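Take a look at these structures.
Both complexes shown next keep subunit A, but they swap its partner, so subunit B is in the first and subunit C is in the second.
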Partner chain A sequence: MNVLRAWIEERLGLSAVTLFLEKKEVPRHKHTFLYYTGSSILLFLGIQIVTGVLLAFYYQPTLAEANASVVRIMTEMPLGWLVRSVHSWSATFMIAIVFVHLLGIAFTKAYRKPREATWVTGVMLLGASLAFGFTGYLLPWDELSLAATKVGTNLPKAIPVFGAWLTQVMRAGEDVTGDTLSRFFIAHVSVLPLAILAFLGVHLFLVQRHGMSVPHEVERKGVKTPGLPFWPNFAFREAGVWLVLLGLLITVAVVAAPGIGPQADLMAPAPEGIKPEWYFLFMFQMLKLFPARVLGLNGELVAVLIMMAGMAALLLIPFIDNRPAERKGKIITGLAWAGLAYAVGMSIWSLL
Partner chain B sequence: MNRRTRVVAAMGIFLLGSFVASGILEARVQEAPQAAVKPAAATAPGQETPAAPRPPRERMAVYVLLAWVWLSIAVLLGLLRMRIREADRVYLMGLGREAEKAPKGPGH
Partner chain C sequence: MKLPYSLFSRRAFLNSLIGGWVAALGAAFISPLVKFIVPPTREPDQVSAPLADFKDMAPHTVKGFAWGNKPGLLKKTEEGGFIAFVGVCTHLDCNVSFVAEQRRFYCACHEGWYDENGLNIAGPPPSPLRRLAVSIEGDTLIIKKQA
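== the complex of A and B ==
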């Protein structure tokens, strides 16, 4: 064992990494649990990659075969239904933890100087994760996924100047067709993974570069925060969290495996009860409730502009909230809570 | 034979036993392929395909697997708990820091 260790060390020089991890300290305070969310996202991303590759062996992204190949995966491949279920549920788990991670950072104001770039790459990663969900939703090519994709890709049309072009790029034409399916598949399995890995690389480098942030309220007290060595103390705790999450994922995947609807018909009218994935529900509900005309403007355009403003504010929050201790910072925190309550409320309303 | 070697040996025997047992089960399945690999019932067009596995054998196997997963998780959590306590004790005693501060002998 020692000979093997020495052989690896001589070639890779991993002791420098171990030394770095031993010296790295994780601050201990009442929000320490938030530090587990980052690595949990990595766990689910890894599961997504592995199960995604397994599904891609059998999935066929063509109009005639997409739905049938998913049915084959579920009914003929050994444990294919479980692989698909784990893929689907790990996406849900991952996005849920991405939201918890992001909200935790936002409300502890961990994005403050010098971690602005870390936040920006994190929001990019959120965008990439949502794009993964959006493109993946169409791939089973059933009635519901086709209708939801039609609604989703129609949304940018309301944006003046380049909106129609954006819709055309997403759909690979005027309407959602087999070309859209191919495009979504390529985005899902090659473009987005490359983007997510690039952003993740920068994000992780910045996290290591600046170390783990201490919540603003803890820092303001001026007391030195006790720490915990990352290796092995924190890493073992993290491993425990991973194990529990893994158990929960497998249990949910077995108990509540997703089915698949009948093959989509491009000529058929939209079915009743179209619903996007849960993380898009608040946008969906907002569009549904928005009046046709607002102050003489197209209602859909106003709704899309409000959403875009919200996204821009989210991306640029470290630069807007540059004095978190002052009144401005408190107002921003209040607005963030209001925005969160609005999103949760709208999502629940949409489900009722 | 120290404790560690005994644990490794026990785990090795357990793994080997599992492989042999699964091999016997697999051989039985191959002897009766028609019964084991029953094709899924065809779904009528326009009907939703349910996600649950069809053959009762596979369904049972999955629930057994689930039980094993949770059992393994419980055992691993127990082991991790011991390692965490040990690591925390070492840290609180400052052994790591003392080792860093210790004067280095000739040749270092």
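== the complex of A and C ==
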């Protein structure tokens, strides 16, 4: 055993990593629970990869077969309904925790120097996660998913200069067709996974490089509680959190397995009550409320520009709020609360 | 005026020359890939259908036809003529339906309404439904892009 270890050590030099993990400490304070959100996202990402590969064994991304193959997965394949249900629910869990992770970092101002790049890669990861959700929603190819995709891919059209081209790139042409389905599938199973793993690699590296951020209010109080050793103390606690989340996921997946609507028909009118995934509801509601013309401008353009400004602001928060760590940053905290209240309020309104 | 030293070292000059060359080469490689991404669009110039399929429609009713990848809607008017629309909402591209009782077109996605002549009357749609030109040649109905 020792010989083998020495052999590996000589070739890979992994002791630097194990030494780092042995020394790594997780700060202990009243916001420590936020440190668990990152690893919980990794748990659900792992589940998505495994169940996604399983679903891809039987799923067929063609106009004729997509809907039928999902029905087949759910009715004929052993435990197929469960695999699909876990994939669908795990996506929801993952995105929910991504939002908690993001808000936690916004509230504790953990994006400040030197962690700006960590934040930017994090926002990229958020974008990739939402893109996963958006592309995955079309794949069952039922009435709802077709209508939602038509709306979603039409949005960039309102952007001047390159918007129309962007819509064509997303749709593979002027309209949503079978080519769109192939394109969404390959984005969902190949392009986005590569992108998310690349960004994740940089993100995790940066988190290790800078160490865990400690909120300034905790540091200022100066009460030095010893950190929690990452191994084994924190890792075991993490494992406990994972077990609870996993149990919750399986329970929900068994109790509330998603259904599937009738096969999408490119010529049929949009069905009543179309709804995107819950994390796009606030944008959906905003589009519904915007009148055709605002101050003499196309209402859709105004709505899309507001959304783009919001995304840009989110991405650039560390550069907008680049004050030293000892400043409280009440404005950002207020904006984070306002954004949260807006998103939750609009989402609830859209469900009424 | 003669400068005592060069603003541009030979190294910087060569670096930017090579950098520019690499960028140009990269662009030359990427542009065909970008071109490949968007397939040619295939909106039909015209579609035709046997008149018999549509002849017996009552006034103020609507029947669908395929306008390329999009749904087309053919409406019989009071006077017995036909008008045709592309049945796609001008707001965000959802397919609209005709609500016969109210003689209006409706888009379920964001609750947009059009009157029976395709004029946007309520909700978010910014413009009327796109009209197509209808003509009858013998026993064939011909629907064309409007000039």
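Definition applied: the second predicted complex is superposed on the first by the 324 of 352 C-alpha atoms of A that agree within 3 Å, B and C clash if a C-alpha of one lies under 4 Å from a C-alpha of the other, contacts with A are read in each partner's own complex, and residues count from 1 in each chain.
The rule is short, and it goes like this: a contact is a pair of C-beta atoms (placed from the backbone, for glycine too) under 8 Å apart; a residue touches a chain by one contact, two chains touch by 3 or more.
Since this is a predicted model, take the numbers as computed values, not measurements.
> Quick check on the superposed pair: does A:Ser85 touch subunit B, subunit C, both, or neither? Answer first, second, both or neither.
Only subunit B is touched by A:Ser85; subunit C is not.
> Please work out whether A:Ile260 is in contact with subunit B alone, subunit C alone, both, or neither, and reply first, second, both or neither.
Once the two structures are laid over each other on A, A:Ile260 reaches subunit B alone.
> Let me test your reading of the model: by the given contact rule, A:Leu314 touches which partner, first (subunit B), second (subunit C), both or neither?
In the superposition, A:Leu314 touches no partner, neither subunit B nor subunit C.
> Now for A:Arg293: first (subunit B), second (subunit C), both, or neither, which partner does it touch?
second
> A:Ala239 contacts which: subunit B (first), subunit C (second), both, neither?
The first partner, subunit B, only.
> Which part of subunit A faces subunit B closely enough to touch in the complex?
Residue positions touching the partner: 22, 71, 74-76, 78-79, 81-82, 84-85, 228-229, 232-233, 236-237, 239-240, 243-244, 246-247, 250-251, 254, 257-263.
> Across the complex, what residues on subunit C touch subunit A?
Residue positions touching the partner: 37-43, 64, 66, 68-71, 87, 89, 91-97, 107-111, 120, 123-126.
> For the complex, which residues does subunit B have touching subunit A?
Touch list, subunit B to subunit A: 39-40, 43, 45-54, 58, 62-63, 66, 69-70, 73, 76-77, 80-81, 83-84, 87-88, 91, 96.
> How about subunit A: which of its residues touch subunit C in the complex?
Going by the criterion above, the answer is residues 147, 150-151, 153-155, 165, 168-169, 172-177, 179, 266-274, 287-288, 290-293, 298-300.
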